[in-house]
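You will see chain A twice below: alongside chain B first, and alongside chain C after that.
== the complex of A and B ==
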């Protein structure tokens, strides 16, 4: 599908953010989902960092794929190390830059940047944006995406990541006071809650044919 | 019902201390009373299979709550009436010919996974009945959707139905969807469905037999201030407005499917809905929007279950966003 109109762009975004939510329908990136969701403030920082890193990373890897890896014919077996290297280096430079240039922004999401550098969700989204259909994360994606489409798609995925993370963090905060049985406290009840939350996202399957 | 298994804590509350006559049990009994006419009418119309489904759902719900409390060594809570409401609502969301073991699994999952693992009544994040229904729908959706073909359902008599024979026995909602796909062929008149949907609809789940009785029960609960009007009004309003916007009949779309049962009796669950008034209105509208978009653009004929579960999940976030203004305080430094 070529994204040529505003409505198609909106569909691409919604399809990536909600209908094919990376956390609750694809179950990719679950480590930060469970790791930082125990408090709201860490979840906000993580969500910002994911939006920032994912969009940046898939923009960079898209360019690397299009102009280096694919033309040289080495992409098929080199893309994982290449993408990881690009993403990690990029995030490190951004972190160093942010620390000096914008201390406010660095305090908000600084410590989460290195944490998600090699996160599977970032790599999966970057791969999907460069070679659509690889993970079958979004059937609306055609054989290839333009850079603009790749960025909108990645923005959708990362906003959906943040939305699911904040939803889950608010639920877990409510659980803090609950008299959950001793043996289920902590991670077990978090997994049960995440499972029930993903029930609701099943209801989104197939919306608009996405 | 003050002792819920937690250690007793010193509670310091601010005045005014006004004691309300309601208790958890009296509220639950009002809900059961409001659902009773619709449930009784569905038993009259559907006969033995309906009675079996009700009995299995309510019985399993009570039994699993009792069993969990016994195993977890917690005070027995089956007399608070909430398991009764959960079982009743689950039964009303299922088709009458549901195999008894599916009803039983649904009720057990509703009580145990939907409520007890979170610490019992008052702590469940999602509506327990809908957790049970979503579980059986996702596990045995094929079984549930094939039920009508077993011959219990009657063919709908629609003037000039002609080609409708192919999907006879389907719910009115499914027929409306099929007609929509076929760009308004078949002459399926939505306005002619008001009367059967209000009074006697044998195609669908047990809670869909009479929309009129559901509305009456819901209005009684609103009048008794047991449920907040904002949730059903937001839900039904959004549903009607959107289905009108999508070019369909708003009244038909409110009466058909699970909207009324969901809006009055499921979305209004105290525990899993937001606490503040504005958040409740937004929550209700969100349910209606999800339900309408899911019905018109989704892959399933109805999405009430998932609409309410989705908004249940958002309820704590909505509470954080719509914090009521505190009067009598001055904002520090703006």
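== the complex of A and C ==
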């Protein structure tokens, strides 16, 4: 088994979180980005839930691909239903477990868990981490990721998701008080704000050759 | 017939998924850098949406309420797999461009949303009309958006190597139109224009993750 160095791991994390930010440079998972970002407290809950579920989901789909789908030779045509069902089942179990084991954590992110099942960010990251051929970042890591790399990558992606969501929520709270032209009120101005925020990430492109 | 037509047209104007309901945005912004890719994305969504609406409507009396969401997802995932394999086999260049966005059609809110809100409660013909209408409404918006972005971002719109429309050579295309900030800003303006001239209202859409 290939062992990657600490610096490769760090690059993978930074690359996934900032340079290839899933929301602002790849447009994956935009529904919660515009849906829940109107208040800071819901954004915090959503970010926590995404970090938690996404990391678990990538681990689960990676194991499913490596030990079930790939050895049986059915991965090419079964990966879509298999991954989405794994994620749905996982979210359901996490919800049940949290309600019993940690009411505090459940109150913080419980209501976002069902929404996350159909969040494309989770399916996208889990697919990239598990199925060879979808991971596109410019790091020499071979054709497929190891379990450790998959988890670091997912953690990076989800932290980047939370970071972008919280920044945007803070901006939108200010936007409430701003004078906006009639036709641009609501969603249009939110998109334009997101565009300006996304300019900041363009400046990161090419860092460390990523 | 009249009702079918109404169901069909509401997906394009009054309840347009991208412009009014504001769902399924991710893929729209991501694949609209290329006209050709956007055309295939639109076709894929029309196919998956219409087929899943049809199947779910046919079997709606046999699907228990408690497990409906997982069953919808399995039906949708099957049709997405068909699209995935067909595109991989016949249009590999488009497949390489769309990449992760093909499997992500499964979690496109439009498709699950129509299954839940429409096909589960309506007859087969109505559901087909709804699927087609929503699919065409989605495709029109994404194809038009991609046309504008490719034209002003790269100076010419191409479809399988054939130039459909080109700007004069003195036009130096600004890269920002094809980059991600451009997508957000242009989409915001596009949305404002659509609301001003087509739907004439600023209604906010449904909740979706």
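Assume the second predicted complex is superposed on the first by the 199 of 210 C-alpha atoms of A that agree within 3 Å, B and C clash if a C-alpha of one lies under 4 Å from a C-alpha of the other, contacts with A are read in each partner's own complex, and residues count from 1 in each chain.
The definition used in the following text is that a residue touches a chain if its C-beta (ideal position, glycine included) is under 8 Å from a C-beta of that chain, and two chains touch if they have at least 3 such contacts.
Computed from a predicted model, the values in this text were never measured in an experiment.
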Inset, instruction - Scan A:148 for contacts with chain B and chain C and give back first, second, both or neither. - result: neither
Inset, instruction - Classify the contacts of A:207 with the two partner chains as first (chain B alone), second (chain C alone), both, or neither. - result: first
Legend entry - First (chain B), second (chain C), both or neither touched by A:84: second
Inset, instruction - Tell me which partner A:103 touches in the superposition: chain B (first), chain C (second), both or neither. - result: neither
Inset, instruction - Determine, under the contact definition given at the top, whether A:71 touches first (chain B), second (chain C), both, or neither. - result: neither
Inset, instruction - Figure out whether A:119 sits in contact with chain B (first) or chain C (second), or with both, or with neither. - result: second
Legend entry - If touched residues of chain A are counted for chain B and for chain C, the larger one: C
Legend entry - Touched partner set for A:174, first chain B, second chain C, both or neither: first
Legend entry - chain B versus chain C as contact partner of A:189, first or second or both or neither: both
Inset, instruction - Could you list which residues of chain A make contact with chain B in one structure and with chain C in the other? - result: 184, 189, 192, 196, 199, 201-202
Inset, instruction - Sort out for me which residues of chain C touch chain A in the complex. - result: 22-23, 25-27, 29-30, 69-70, 73-74, 77-78, 80-81, 84-85, 99-100, 103-104, 106-109, 112, 179-185, 187-189, 191-193, 195-196, 202, 204, 207-209
Legend entry - chain A residues touching chain C - in the complex, by the definition given at the top: 24-32, 34-35, 76-81, 83-85, 88, 112, 115-120, 123-124, 127-128, 134, 136, 183-192, 194-196, 198-199, 201-202
Legend entry - Of all residues in chain A, those that touch chain B in their complex: 40, 166-167, 170-171, 173-175, 178-181, 184, 189, 192-193, 196-197, 199-208
Legend entry - chain A partner contacts - residues on chain B that touch it in the complex: 4-6, 72, 113-114, 117-120, 123, 125-126, 131, 134-135, 138, 290, 293-294, 297-300, 303, 305-307, 309-310, 312-314, 316-317, 319-320
